[in-house]
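Take a look at the following structure, please.
Order of writing sets the chain letters: A, B and C. Residues in each chain are counted from 1.
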Amino acid sequence: MPKNNSEKYTMDESLSLKITDLSINFGGLKAVDGLSIDVKKNEIFGLIGPNGAGKTTAFNCITQFYHPDRGEVLFRTKQGNVVNLVGRNTHDIIKLGLVRTFQNVEVIKELSLLENVLLGAHIDFKATIFEQALCLPRARREERELREKAAEGLRFMGIEALKDAKAGGQPYGVLKKVETARTLMCEPSLIILDEPAAGLNDSETAELTEIIRNIRDAYDCTILLVEHDMHLVMNVCERICAISFGEFLACGTPEEIQANALVQEAYLGEKEFKGGE
Amino acid sequence: MNNNTSLKSSSREKDNILLRIYRNPYFRYIIFGAILALIPIASGMNILPSSYITIMGSVMIYSIVGIGLNLLLGYSGLISLGTAGFMGLAAYVTGYLSVNVNAPFIVALAVSIFVVVLIGVIVGFVSLRVAGIYLAIATLCVSEILRKTFEELEWLTNGFSGLNASFPRLFGIQLNRKSTYFLIVVVLILVMMLTHNLVKGQMGRALHAMRESEVAAQAMGVNLLKYRLVVFAIATAYAAIGGALYIFFIRFSIPGTWTMALSLNILGAVVIGGLRSIYGTVIGCFVIFAIPDIVLKPLFGDVNGLQYVFSGLVVILVILFYPAGVKNMREDFFRLCRFLKKKINERKGKGEIQ
Amino acid sequence: MNGFAILLQIILRSLETGGIYALASLGIIIIFRTSRISHFAQGAMGMFNTYVAAVLVDRMGLPLGIGVIVAVCLAVFIGFLVDFLVIRRAKNAIPVTKQILTLGLVTIFVGLAPMVCGVDPLSLPKFIPTGNISVAGASLSYNGLLNILIGIIIMLVLFYTLLKTKLGIAIRTTASNEPVARLMGVPTRNVTLFAWAVAAVLGCLAGIMQAPSTSVTTGVLDTVQINALIACVLGGFQTFYGPVIGSYIIALSSNLLNYYVSSVWGNQLVYLCILIFVVFRPQGIVGKKVVKKV
């Protein structure tokens, strides 16, 4: 329940997201334990950790899919005020300018790619249900304008040609792009990408690196990502935080993280930690 | 030459306009309505028996209710078993207002929609917080409560002896059976168009998202409870419209009409027609509510319970062997045609070689 | 009768009706746990078998015992048939429509009963036609006592089977995770087949116990069906004993309300209370809350 939303929060001007002492446990298992992270504005920030480290759980706690047991998630909204996300409704988070993607792409198969992207503009529709039912001018105008904007989003991702194709049956790489384009519709100030490279081949991953940078520059936003592909993380992220078993290990630049003994220990035996050579 | 091309392009444009009119969904709905409106005319010309007017009128009334239920079932995956109860409540409220208070058609309709939707929203607000099968059971409870109400609340419903009503007066004109039928056609087509607009717009996308990925919907700002409630409210509103039209068209209502069996039949019609299909629902209602009267009765005579066995069997067979429902028939028909054509061509090819 | 005797009488009556609800709700919960289907046709299938028993006894003049035995055998057969012809083939159906299968079954049985057995109302006699025992001023018919005992014995046998036998373990593993159970070598197909037969027999017995107090019509088990479903909601879908507790609570509270508050609206008040209860405790009395994974 939102208990202290009226309270004024402050946070350093340079920060976009400040997580303090975030904890959640499932039936005694501490999935995330006392995690604290600062994410600066306009930064590409990576969260890494071995399997089961609690990365996605941490994301779910930030976006309020899970309600954390303890801790604070301060966020600078796109309007510029600082709010605590903890205790808010899941569907209200996007209105503040925080939007996310999912590990297994969550696109709507029965809708076209364009309509899938339009879903990202859900909160921008002001027309009431009656106006929509009767197709009144405001509903029609909004639909037209946002369709244009969605087509732009698809163009940005380079898949405008496919806009009227049904999402079901499209290759995985395209669906990932659709999901990313969907996040751009709400003009976010922070985008959370949950394993954006999962299931992509090498050339697609290389393209993704470019896309992530382009998004940050074109949309002037912060990007927070969880990723297993170390090559991508080391290439694209400016700062990285490593966690293991729900606990904070280290935070720093890609070079610092690679040199960190604790991180190496946590990954011992996992071959993929050799990116960035 | 120049002249020639411009002529060509203009004729193509003309084609395009015709094609565009043909493709326009509203135009199709209107054509569909016109076809339905032919039935009383045909019966006036003694091509069809006049009982078809009542049968098809009822089919359309149940279609309106079914379209609402299809929104609920097809998009939110929720099952409501209170349809008959809500319909009955609307029928009694409308009947009471027009018979005892002498209220005009529009007022009676509006009041009954308001009352039914209010109750529906309260029930929905209580039960939609709980996911899964609870709405079905909650609406089952509500329909039980309503059924008892219809039996006991004699000042409103006239109890077991039933409530009599008459054809509506619309803008000072007293309608008869045929004109009431036309009124039902108009309402059905309007409901189809409104529903079409809703499912093609923002709300439709939100509902699609809710159905396929609740998490994506939530992440995009879709308030699940709100939309479930809205869909449930729309379904009850359509049920109310259906109930009100019923009392004006059939002009008689007893508690025994509004039983679980009716709810199940409408639900079955939705499944037969195919989830999320507007036309399919109408066809499903035709299968469930018209086929027994116009096909089975002449064929097998008046066998007890035949209608129930038939509709139950059709529903189960469709679920098991044709899960997409009637809405897929057109596509499957074309697929069959292509397949047969290929087969014939193959055979021809073989013949030529020989 | 004094106040206490009346109360005792109500409690005894509730034990009888609660037992009937409990039998029906056990059938529903066994089906729910093994086939993942809300069994709306429990009452309709029981009604059909009761109809057949009533035809044998009331119209053909056979002894009640034979009627019951035939009806129970028929119930087993129908249970097998339903699983074999319908449920088993619906493994790949869309989840939403899968729930509607049993609603289709309801329509079929409601139509089949008058088609096979005619529309004239029938009646089914009690096992023990007359005689009362009295306890502290409250009276209970021998037949009522028998019903209470039969209900309790069947439940004890069922719970013993579920908890102590190999079959019970098979049922419980199927209930908790069907694919894993199948991989572990549990014959889950036979388990669901058995579950449908058991559910049908339970429904049939509930019908035969319920029938003497009304006449046998297609609606004979309507209230039982609704109360049994609501008992499952009240008791929670996660355990086998929850719905049994729910059944007795519903029977007792509606009898109390019927006597002390309103003889017309008693049942309806109970439904209303349970609707509100579920808002605050969606998992039911003995259920556990399930955290949804993203």
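Rule of thumb we're sticking to: contacts are C-beta pairs under 8 Å (C-beta built on N, C-alpha and C of every residue); 3 or more make two chains touch, one makes a residue touch a chain.
It should be emphasised that the depicted structure is a prediction, and the values quoted were computed from it without experimental measurement.
Across the assembly, the chain pair joined by the most C-beta contact pairs is B-C. Across the assembly, the mean Cα position most removed from that of subunit A is the one of C. If each chain is reduced to the centroid of its CA atoms, subunit B and subunit C end up 33 Å from each other. Look at where the CA atoms of subunit A average out and do the same for subunit C: the two points lie 49 Å apart.
The distance from the centre of subunit A to the centre of subunit B, each centre being the mean of the chain's C-alpha atoms, comes to 41 Å. Counting only residues that touch two or more partner chains, subunit B has 215. Each of the following residues of subunit A touches two or more other chains: 65, 102.
Contact of a single residue of subunit C with at least two other chains is seen at positions 294.
On subunit B, the positions that touch subunit A within their shared complex are 194, 197-198, 201-203, 205-206, 208-209, 212-213, 215-224, 230. Taken in their complex, subunit C has these residues touching subunit B: 38, 86, 89-90, 93-101, 103-115, 118-119, 222, 226, 229-230, 233, 264-265, 267-268, 271-272, 274-276, 278-279, 282, 294. Against subunit C, the residues of subunit B that register as touching in their complex are 73-74, 77, 79, 123, 126-127, 129-130, 133-134, 136-138, 140-142, 144-145, 148, 152, 215, 260-261, 264-265, 267-268, 271, 275, 303-313, 315-316, 319-320, 323. Residues of subunit A touching subunit B in their complex: 63, 65, 89-95, 99-100, 102, 106-111, 115, 118-120, 122-123, 125, 127, 129, 132-135, 139, 142-143, 182, 186.
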